Structure formats: C-alpha cells, structure tokens
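Naming follows writing order (A, B, C, D and E), and every chain is counted from residue 1.
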Amino acid sequence: MSVVAENPILARRTSTFGRLSDYFWLNPKLFLLMLLAPPLPWLGIIYLGSLFALLLQSFFSIDEFSGLINYEFTLDTYRQLLIPANFDIILRTVIMAALVTLASALIAFPIAYYAARYARGKWKALFYLAVMLPLWSSYLVKVYAWKLILAKEGILNWGFAKLHLTWLLDAWLALPVVGGNSLSISYTGTFIVFVYVWMPFMILPIQAALERVPVNLIEASADLGGNPGQTFRHVLFPLALPGIIAGSIFTFSLTLGDYIIPQIIGSSRLFIGQAVYAQQGTAGNIPLAAAFTVVPIVIMGFYLWMAKKRGAFDAL
Amino acid sequence: QEPLTELGKGEGEVSIVAWAGYIERGETDKNYDWVTDFEKQTGCKVSVKTAATSDEMVALMNEGGFDLVTASGDASNRLIAGKRVQPINTDLIPSWKTIDERLQNAPWNTVKGVHYGTPYLWGPNVLMYNTEVFKGEAPKSWNVVFEEMTLPDGKSNKGRIQAYDGPIHIADAANYLMAHKPELGIKDPYELNEDQYKAALDLLRVQRTLVGRYWHDAMIQIDDFKNEGVVASGSWPFQVNLMQAEKQPIASTFPEEGVTGWSDTTMLHADSQHPNCAYMWMEHSLSPKVQGDAAAWFGAVPSVPAACKGNALLGDEGCKTNGFENFDKIRFWKTPTSKCETQGECVPYHRWVSDYIGVIGGR
Amino acid sequence: MTAVLFENVSRHFGAVRAVDSVNLAIAEGEFFAMLGPSGSGKTTCLRLMAGFEQPTGGHIEIFGETAEGVPPYRRNVNTVFQDYALFPHLSILENVAYGLMVRGIAKAERLKAAENALAMVKLPGYGSRRPGQLSGGQRQRVALARALVNRPRVLLLDEPLGALDLKLREQMQEELKALQKSLGITFVFVTHDQGEALSMADRIAVFNEGRVQQLGTPEDVYKRPQTRFVADFVGSSNVLAPSFVHSLGYPARYASLRPEALALGEGGSNARRFSGTVVATSFLGATNRLTVEAAGTRIAAMLPASAAVPPQGTGVTLSFAAEDLHLMDEAA
Amino acid sequence: MRSDRSSAPMSLKITAAAGLLFMHLPILLIFVYAFTTEEKSYQFPPPGFTLNWLAVAWNRPDVWAALSLSVRVASIATAVALVLGTLCAAAVSQTRFFGREAISLLVILPIALPGIITGIALRSAFSFADIPFSFWTIVLGHATFCVVVVYNNAVARFRRISGSMIEASMDLGADGFQTFRYVILPNIGTALLAGGMLAFALSFDEVIVTTFTAGQQQTLPIWMLEELVRPRQRPVTNVVAMVVVLVTFLPILAAYYLTREGDQIAGAGK
Amino acid sequence: MTAVLFENVSRHFGAVRAVDSVNLAIAEGEFFAMLGPSGSGKTTCLRLMAGFEQPTGGHIEIFGETAEGVPPYRRNVNTVFQDYALFPHLSILENVAYGLMVRGIAKAERLKAAENALAMVKLPGYGSRRPGQLSGGQRQRVALARALVNRPRVLLLDEPLGALDLKLREQMQEELKALQKSLGITFVFVTHDQGEALSMADRIAVFNEGRVQQLGTPEDVYKRPQTRFVADFVGSSNVLAPSFVHSLGYPARYASLRPEALALGEGGSNARRFSGTVVATSFLGATNRLTVEAAGTRIAAMLPASAAVPPQGTGVTLSFAAEDLHLMDEAA
C-alpha cells in the first residue's frame, strides 16, 4: 500500500505553480503584495484619488457670470456654504437623516427581532425573502408608487375619504413644518418615503446582531430577576446596538445623499443631495457642489469611526 | 475662433441640449416629428438631452460633449462670455435671410455684430389656470400667484399655485412690481438695484407661503395640475397645449402686468465634434415646416414669419394666438449683470441664484 | 425542609422525552448532584427548576410553593450557566450587580454588595474589567458571585467546571464546596463527570434517558449500583455477565466489580478468584492498569504502582474479597 | 441552540406584521398599475384590467437597449467586484499586516458615502483626466461600490474556514495553488456566488452613481427615471419594474439558499 | 536513527518566547509525548516540526535532513489537528485520499488506499459520508486515517483527544497506542493531560514557558521529578518545603511525595512518619482523598476505598517508605 515516497523531505516541485508556491512560501510579504496589487490601486488611488480631487475643487471658485472654474485657492466657497440659505439645507438634511434613521430602527427592530428569535425553518426563509424583495425592488418605481399614494388625488386621500377620516389628514397637514398642501408636498411625505426606501437596509444588520446574542444571556437576565422589559433595556438592546449602527450607516448616508426622493416628494426646499446635484448639474458650480459633499463625508467619517469602535462592521 | 467657412459631409450624428418639447420625433404624438426626416436626409443621427432650466443648459454646455443648445436669453450671453459657443457663418445657412428681422440682431444672439446661432422659437411665460376654479373667467392679474386671495371657487389660493423653480423667476416678481409699485422705479425686470431687488425678494417670500411645490419640469407641472390640486401658475404654452389636448380644464392668459418670455437661439458649441451636422440642423430648424410644427407643439412663435402661413399644425391663427404681435410687450429673459444700462449698478445673476434658493428654503 | 420537590415531573419535546416522570426531593442546604451522560435530561431538569422550561406533566414545588407558571424572574433561584453567560457589554462589577439593579436597589448599595461578592469569590479589584479580559476560571467565579449576590435560596449550577482545565477544576471544586458549606445555600449541581459528583455531592441522582436511575449518597451509587447502567457509568466498573458471576459462585445475576477491588495472586482464604491472560497494561502514575481476559470476558484491574506489573501475555490469577462483588437488581 | 419559548408575544407579532405590510403594499401597487387600462394618469382604483402592456413593453426597442446595457454593466461590474473583493478578503483574513484595518474601511467607504459623492467624485476625475463617458466609466463606478458586498460575504466565510484547514491541506502535501483550488475555492464558492448576486442586483438598480458616470447612455434605471418624469406610456414602466423585481428575486433566492447551505458546510467542522 | 532533532531551537514572537532553546532528539519509531500547561510552547514545537513556523534560532533536522525553509507540503510529516480540520466540502473518502490526490496518484489507486486506511481506523464503509455526519470520535479517526494514508515518517498529533469525552477518550488512547505499535511510525503527541502522557508515551518532554523542564520515561517524570514544576504538574504530588523535608530526616531540599505513597498509621520500621490533623476528606470512588495539615503544610494522601476514613478534625499519623520521598535537584 506504499504509494508515496519514503524520503523525509520531498523534492522541490518543478512545475511553474510549484515553484511559485515555494517562492511565495518563502516570501510571504510578496504574496501579500500580489493579493493587494489589483484592489488597492483601484480603491486607494482611483477612488480615494477622485474623492480628494473633488475635495480639492472645493477650494476653487467659480466665475459667477460665465460659470467657469477659477483655479485659485480660496475659502470663499466654504463661506458660501455657511450662508443661511445653504446652512438651512445642511441642517434640514441632517435632521431628516437622523429622524429617518430613528424611525427605520423603530420599524425594523420588531421585524428583525421576530426573524432572529422566533422564525424557524421555512418561516425564516420567508422572512428573509420578504425583507429582500422590497430591498431589491426598483428604487425609482418604489418612489413613484409613493407619489401615487401620497398625492392630493392619490390613494391615501382616497382611503381617508372612504373612511371618513379626511379631517384627520387635514388636521395633520395643517400643522406647521410637517404639514403642507398635500402629503406629497410636505416633509411628512418626504420622511415617509425615505423611511420606506431605506428601512429594509436596517433589518438585516439588526437581525444579524440579534442572532449573535446568545439565548442564555437573555435567560441569565431573567434568572437574575430581570423582567422582559428590563432584559430588553439592559441586555438585548445594548447587544443589538452594533447592528443598529451598521444599519444606520446605510439609512443615514443614503438620506444624506439622495436627491431624487425630495425632488419628487417634497416642498422644493432643497436637501444636500439636491444642492449638490443642482450646484453640479444645474448651476455648474463644481466648487460649491464639492463643498457641500464635504458635509456628508465628515458626518459619515465620524459615523464610521464610531461604528468601528462599536464593532458594528461585523454586522454589516 | 473663426467660424466654419465651408460645409462638409455630415459626421453621422449631432447632439442637442434642448428644452422639453423643442425637438420631437413623434414619440408622444405621431404628427409632431421633425427629426426623422432630417436623419433620413442628412444621415445625422440626432440625440437630445432635455434641460429644465437655463442654468442646467449652461452647466451641460460647460461640461461639454454636445454640439448644439437651444439657449434662452438668460443663458446665451453667459455661454458667449464663457466662450462655450462659437460664432456662426450665416453664409452656410441659406435660410438665415428668412428670419424675422426683429430677431436677426437681437442682443441675446449677436454680440458686437457677431452672430452666435440661429433663432429658434420665442414666446411668453403665460399665466396658466384651471378654468373650473376660475369659473371660465381668466384672471386679470398676476396677483393670483403673488398675493394670498380667495379664488372664484371660494377657496384660498394658498397651496394651490406654483412658481417656476429657476432664479429667473425673480424677474417675474420685478415685472409685477413695475406695475404695482412704480415708486421703486424699475425700468427693466432684469436690471434691479439693491432696493428693487429686495422688494422683489420680499414679494417672492410672500409667494413662498402660497406655493406648495415649485415647478421645475414641464411634465411634472402637468402632473401637479392634474394630481396635486394646483390651479394657477406661471407656465409655458407647451403645458397648456398638452393639457388642453388631454381635455383638461386648463387655459392661459396674458395678465395686465405683461409677461416675461424667452427667445431661444440654437447655438453651436465651441468644441463641437459634429459641426457639419450641426449646421445642417440649424438650417433644418429654420424651415417653415419645422418652425411651424415646433411652434404649434410648444405653443410658441416661430422665428421665421413664413411659417405662420399654411402650416397644418399651427393653423393660420397660430402665430397670432401665440403672441406674434406681442413681441414688444414681452420682456425676454436675459442674464442680469452688475453693470447695467438702466441704472449702472445692478444685482448680478449669481446673487439671484443663491438668494432664490434661500427664498424657496424659507429664508 | 424540602428545597425543591419534583413529583412525577415530565418535560417532553414532541417525541423526545427529555425528562420523564422524575421524582426528586432536594433538602434545604443540601449539595445535590445530577449525574448522567449527554442528553440524559440533566439540563432540562435544571431549567425546570429555574423556570426556563415548563413541565408537560407533574408538579414542581420550591420551598413548598408551586412553581409552575412562575417566570424565572420571579423565582428566588439563581443559575450559574455552563458557559457563564456573563453580559459582555457590562463590566464585571455591573455584571455582579445586575440582579440587584433590576430589583431597584440603589446604586451605591448594589455596587457595594457586588464588591463584597467579588471579594468572596477572591476577585476583589477585578470589578472594572470586562468579561473578555478574564480567564475561564475567573469568569466562572464572576458567574458565581453574580448569582450569589442575590442571596438565592437555591443555586443551580450547570456543569460550571466543564470548560476548565484539570488543575483549575480541582481547585474550584474545593472552593465551591467550601462556599456551599459556609453559606448554607442549597446547591443543585449538574455534571457528567462522575469523579466530580462523587467528591462533591451529599447526594447524587444518576440520570439516563430522562429518568432517574438511582438516587443516593456517593458511596451508594459507587459501591452499590442498582443497575448495569449505573455501574458502568459511575466509575469504570467491570460489569460481569450472569454466567461469569455464576462461575464465581454467586447467583446468575449481573454484577459489578470495581477494578481496584482486584489483586494479583490467590488472595486470602475468604477471597474469590479467577485466572486469565494479561492483554494490556498501562501506567497511570499512581496505579497501573491491567486488562485481563478470563473466560472470554475482559476485566480491568487497578494495581498499586508499587506492585510489579506482569507483562502482556502472561497468565495470572486475580482475587477479590467476596463482598466486593455487587449483585445488581436487574435479572439476567 | 436552544429555541426560545415557542411563540412570540402578540404585540411583537402585530408590529412585525405591520412593518412587513408597510414594506409590501406599495410594491403591490406597482404590480397593479402594470395592468391598468388607463395610460395617461394613475387613476385609483384603476378603471380596468389589461395584459396589453406586457406586449407593448416587449415591443419597445428602448426598453431592450436599456436592459441590455444594464445587464452588461452589472455583469462586468460584478466580475470585477468578485476579483477585487475576494483578493481584499483574502488579504485581510489570511494575513496580518500594517494597515489591515484601513483596508476594511476603504472597502466600505464607497457604500457608506452617499452615492452622489462617489458619482461626482468619479465624474470630476473623468473630466480631469479627459476620459470620455463610456460603458467602462459606468462599470468603474458600479464596481467600486459592489466590491464591498463581495468582500463582506467572502470575509465572513473566510472567518469560518478554520485556519487549520488550510494548514491541513499544506500538511498533506498541497502547495499554495493546490490549496486554493481544492480547499479554499470550494469553501468560499457559495459565499462568492451570493456576494456576486447581490452585487449584480445592486448595480442593476443603481441610479445615482450612474447618473454621473453614464453621460448620455441609458441604463434601465436611467431609462425609468426619464420615463417616469416624461411618461409616454406609464404602465410600461410598471411592467418593466415588475419584471425586474421578479427577475432579481431569483438570484436573491439563490443567494439565500447558497449561503444557507454554506453555513451548514462551514459549521460542520465544529 | 533520530527522527526529529531540535538543536537549541527557538521561536520568538516579538517579546514572547514561545519556544526557547529547546533540544530534543526523538528516535525513530518512538511514541513521544509533549506535556505542559497551556501556553508552554507545545503546539509551537509541533508547528516547527510540521513546517508551519520557522525557527528564529537553532536548527531542526528531520531524519538527518535540514528542515528550515522547507514548506510543509514538502515535508513527509503529517499532522492530526486538534479540531481535526477535515475538509467539510469533501466526502470522508476524498478527505482521506486528499494527500494522495495532490501528489498526483491515480484516482483508482488513491481511493483504494483511502479505503484501506479507513478500514485500519475501523471506519470501513463510511467513505461516502460528509464530515458533518460523523461523531467526534469518528472524525478523529478520519483525521488519523487521512494523515496515515500518506505513510508519513513522523506523525504529529496536537491534543487529538482533547475534544472527546472521557469514555471515548480512553478507548481512543488504547487504539492509538496499538496503531502506533503496529505501524512503527514515529508519533509526536501533544497533550496537557498528564494521565494521557503517562499511559501512552515511551518518553515525555515536560514543557514550561517554552523550555523543556524534564525529558524522560513516564516513570522518570512521575516518580523522579527534577523540578518543583514537574512534580507539581505531573500528577498531583505533594511538594514539600526544605524545612519540612529536613524535619523528616532528609537533607534540607525540596522534595516530592506522591499522595498514594502515604498510608495511615505508623507503618513498618523502615517507614518515615509525621503527624497532623485531618482538614478535609473526599470520596473519589476507587480511593478516598485525605487532606492533612502537618507543621503548617497541607499534604494530600490517597487511601484505598477499603480503608476507614478518619473524620475531619482528628489527629492522624501518616507514614511512607523512605525511598518514596524524592529529593529534587533544586536547592532550597
């Protein structure tokens, strides 16, 4: 049955791969370099390079009449970023992103919790698909579907009328700030659609985080006298937090940057994404557009840093 | 830059930045098609990028990659100043002579005697309204979109009107003030000193409280009139025509304060890759058939008076209906500059841009 | 007083009878061990006591009060989980103080109590660390402190020493035993390590397939196993078949014979003896293990390290005191 | 793992069900309007039912052109993302080096930053480098943010391949390439497939980055945007959307089952 | 012939001296055990032999050939991993045939060899299953077959029985030993279980902190520990302080005294003896363990189960044969 050599040390391999393999074994650093050779230039040079180039543009200015860029270092653009009209845009967007994130987490949590802790077997698969289907359905078409729902002549109004609840809707629309002429022309509408479109991004990370919470920690809490509410507050929630943070990277960032939703469902008050889009595309003011992008970059920078600290990357 | 001296063979394609409804190939209505034949005859395939505002057009031209643009007066001078467009050789455009003389040397297409493009269409910014709400009676004044009031149907105009989402709309406010606050001394709605400008913005701030959503895209405005309960707005004849074709209760009017308007020029990009096809298109665009069809479709006035006669789509009354005789009453879009004829020092366009964003944002 | 009473308690999961008609009466202050192979229902019994499972049949009382339907957080019973189940996001001190916190004890007071509990398990000053920064043995002690700080009337321990290595395990066994004595709390201890159960418990319940096979003192179950299963499972006893037992002069019943009861040679006049061939030997430090084949049966004998070990293949005679052979209840 | 108490509290069931309903009703609406007889506006309830739009959509060459571009872009972007993502995952999980952490951050960045930033950054880089818009500029943009899904899937799987499995292979005489071929690839294969499918779906539906990197080319989402703003036959858009939902559903389903089974395989060693 | 030779081999990880100047000469055909506490460098030594680590100092030879710089796949040495490291995507047969496949052996031949190897580890017919479908003990045997099918000159085993439960572990110990004898392959076996090392190995190297503390036969290390560490680690010996040793009539050196060497009572005339108080007793089944405090030293004695156990608190005299006390090399 002796089908292999008796030598304690086998001969060197002569095939190309064999030699290469020996070579990499002896030079692990070179091997690492080989692995990183394709992705690192792509992400580290092309992508990061583009980002830096963009940031650099924010230090130029634009000739107001002809719309051509004036390649001279200036902080003017940033001064412009902070004029009240622009600052409003930033504030409005960040508040919206925060609220959308909060609401997404609130709606996503029960779904994720159920899927993680109770759904089994076939149900679990069904839940997963039920989350994935809306997640991957065409973003644009979803947004337009909401336009139909929220319009003054739309389905929601129709439904409220059928239920004789139009007064309720009108009362809401009469409120300052959140109200408006119709839901599709109000912050309420923008908010609903943002939540709808980004919320699925929250479910899977929370579910993943919850699934990693060992059941016996929940039992331990009960064992030590914690009632279900206390167990949730002191054990489950803190341990699901990395998942919530991971999910909120998406909800927050996607809200910060989107320009399509507030354009279609909104009251013409700009969001950062629209401002960037408008400055870049409509006004051709690349420096100001670049300065606007600094806001999400800084915010997401902090966000990622915090997420990393909280171990949220594992839940992505 | 020296213009082309001789027309060569077509390059096979031409790309045009245009207003919605300006260049139709029969996709919405088979009868309105002035592209297919051109492509067949010249072998130049036409691609169109629609832009919703003049700013967008300027930005697209700055970015490059296009041959032609149908620029309004508030964009054309900027394009010329920025050297984004090139002078044209009118000799290469046989139909140049047929152009309405009022337009041949208009300040928005001719600088220091040099022509930058061929006039395409012109027209007014009309007041579009819902005939049911206004009980069949056209509103007399622009005040329905500037001041809170009860409309003939007994409900407030609040939340039921719209305004154009472009800084040039400040001129509409100034135009309104010319009639209602003569003490401001506005002579030209595109040339405003600080006080006049401030008064216009104040008026627009009032308007903001009445407007639910500003209109940016012609098609979306149509949607808003149909689905969002909007009943009055400054608009283009284009939207009016489309909705009337759909049997919507829509009409338009020239209010007593007069109107702003646009006169558009087909301009050639400085770095055009397909100048021959571009010249062919400019020539094509001046043919009475195209002029008439396009004017009919958009609800505009042709630049070639010959088009007013015998065009099936436009009809013989078409030019008159669309304002052929009102040329002098229309205050055409142009770019506000700091040096201005009427008062020496005016608020320049970049302030209009940022301040209008502020007004819409509630500042 | 009876701390925990099981009357015909069953817990079935579908067709699986995890716990099947178990009767137990654990006395107050007792160190009670549940011993059995994997899957025999020990953990399920413990979970029934803690309240994580509800019985599908029978009746449970804790200190005379009915326990069915009472959720875990309303039972004055605490558990030390096999893998400790420390809260990874809380410091050691917060872990230990957790039970007091959810009961609404003021912060200063509960932290002080937690400090004391940590001192009791010999981990003073470790309070500010996180569970991840402790070794297995230290975590085990934190789990213990976290349970004890609540002053439970019954402490349940599910293989608390399973994950520790030998040295630490022996040390913790002694500490646990001492702690139980000094506190006087009833301990219910689950293990599948017979040595651990024998050395620590006052009484042992031997489980198999959801049922209690034997319940008695360590000596009882070790020396007087009632079933073949117990004989085989508790210590590595030789279980002899009825025919072989008969040939030694006993009734034809199954019997157990401890390896250490066997000696080389003819033995005294009262001794019983049989002959066989050595098939294997091994050195175990304190003892040598001899495997002898006699009449087709393999029998292990444990000889003191001082005795000479006959080499493999030699014929030997082994003897034992007549009373060391234990006849079992089970018929042939 | 021991299961929780067998059934969930009522309140949880209701909130979870309500959440799922919220997620699905608008999608249903998309489907409904694919069959309406009203062409110009979205009248509710729809005045009539017709299958006509399926045929109309089928015969629209612009739909096919956009679809074909989207499929080609998504395929190539996915392929690129597969290679880059796998290499990154291998480097991060199989070796230790300075800057390892930075790489995982770098990979996540394109998806963590809003698409509009990725979009205009690349666009201004293209114009700076005088690169004209083309198929490849779209692919470049898409591949950049698709890398992360492949990476995440691969890293998770690499983490579960015990280090000793690779050592076992080498110990048994397999060199580096043989180990990759016979041990690593079969074990990460399903994770890569799953990651690839998600990447495909992500690329297939991307509007914002595409807007900035496509120039005048029309991918399916760009076509939809145009169509939604300037509708000709509104229900056609819904038909296309519906078909896209149904078609993307298949790879998602497959990805789910692939990673499922993968879990069992990878977990079997424990 | 020397199978594995370590000459002053070191493997440092930064400041950590995982392996520190180790000298070993493992003979061909030997069953060699490496014993030591966690972190003492056993695994690192094994990995140096397999080629997964390169020494930072010293020299390694395998059957006389220099091993430094030779990748694992060129060493005719195979490893049985602690967690088995079976390939989950391959069938059992393919797992076992893997080593032959990558060497380019024809399919029919390698599958036949794999079948034979499976038969050798008593798993014939299991070839078509997946690793996930086997129990822990069965997987362990597959890992063994997968290594052995390559006919390695040295087989390395890293705590191969660590994950098995007691019963299975004892069974596998016997099987492994028998297999090694029949095949004649050199086995290098890592464990932290002293019992396992003592019962299985021909020679044992006791590791501590990256160094070999003692190298010898099981009897050597058990009965004649050279250092306190060895005495303490191998079996639970009593390590006596020089003063106490002196009081018993020996030179004032550290000494070890095995618990099972102690007996209750005065003993024979040659015996040494001391008195003390019983502080703890515990029943261990085959034996009783008595902890006695004498002159401030706690000493454990292991008494046969048959002997009566004096209760806690009584004064007792313990005796032992003079030669059972083992003086250590270490000075006071």
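Please note the rule applied: a residue touches a chain if its C-beta (ideal position, glycine included) is under 8 Å from a C-beta of that chain, and two chains touch if they have at least 3 such contacts.
Quantities reported herein were computed from a predicted structural model and do not represent experimental measurements.
A.B. asks: If you take the chains that touch chain B and keep only those that also touch chain C, what is left?
C.D. replies: Touches both chain B and chain C: A.
A.B. asks: Average the CA atoms of each chain to get its centre, and name the chain whose centre is farthest from that of chain C.
C.D. replies: Measuring from the centre of chain C, the most distant chain centre belongs to B.
A.B. asks: Give the chain pair that accounts for the most C-beta pairs in contact.
C.D. replies: The chain pair with the largest number of C-beta contacts is A-D.
A.B. asks: CA centre of chain B versus CA centre of chain E: separation in Å?
C.D. replies: 92
A.B. asks: How big is the gap, in whole Å, between where the Cα atoms of chain A centre and where those of chain C centre?
C.D. replies: 52
A.B. asks: I'd like the Å distance between the centres of chain A and chain B, where a centre is the mean of that chain's Cα atoms.
C.D. replies: Each chain's C-alpha centroid was found; their separation is 39 Å.
A.B. asks: Residues of chain B that touch two or more other chains: which are they?
C.D. replies: Residue numbers touching two or more other chains: 63, 226-227.
A.B. asks: Which chain A residues touch at least two other chains?
C.D. replies: 10, 13, 21-22, 25, 154, 214, 280
A.B. asks: Quick one: which residues in chain D touch 2 or more of the other chains?
C.D. replies: Those would be 42, 173, 175, 178.
A.B. asks: How do the chains pair up in terms of touching? List each pair.
C.D. replies: All touching pairs, sorted by chain label, are A-B, A-C, A-D, A-E, B-D, C-E, D-E.
A.B. asks: Could you please specify the touching residues of chain C with respect to chain E in the complex?
C.D. replies: Against chain E, the touching part of chain C is residues 38, 165-167, 170, 174, 192-195, 198-200, 218-219, 222-223, 234-236, 258-261, 280, 282-287, 289, 302, 304-305.
A.B. asks: In their shared complex, at which residues does chain B touch chain A?
C.D. replies: 53, 55-56, 58-60, 62-63, 78, 81-84, 158-160, 165, 211-214, 216, 226-229, 335, 337, 348-350, 353-355, 357-358, 360-363
A.B. asks: Which stretch or stretches of chain D touch chain E in the complex?
C.D. replies: Touching chain E from chain D are residues 162, 164-165, 167-175, 178, 182-183, 186-187, 264-270.
A.B. asks: In their complex, what parts of chain D are in touch with chain A?
C.D. replies: Going through chain D, the ones touching chain A are 1-4, 7-8, 12-13, 15-16, 19-20, 22-24, 26-27, 29-30, 33, 42, 44, 83-85, 87-88, 90-91, 95, 97, 101, 103-118, 120-125, 128, 140, 143-144, 147, 152, 173, 175-178, 201, 205, 207-208, 221, 224-225, 228, 237-238, 241, 244-245, 248-249, 252-253, 256, 260.
A.B. asks: Would you tell me which residues of chain B are touching chain D in their complex?
C.D. replies: Per the stated touch rule, the residues are 15, 20, 27-28, 47, 49-50, 63, 65, 217, 219-220, 226-227, 246.
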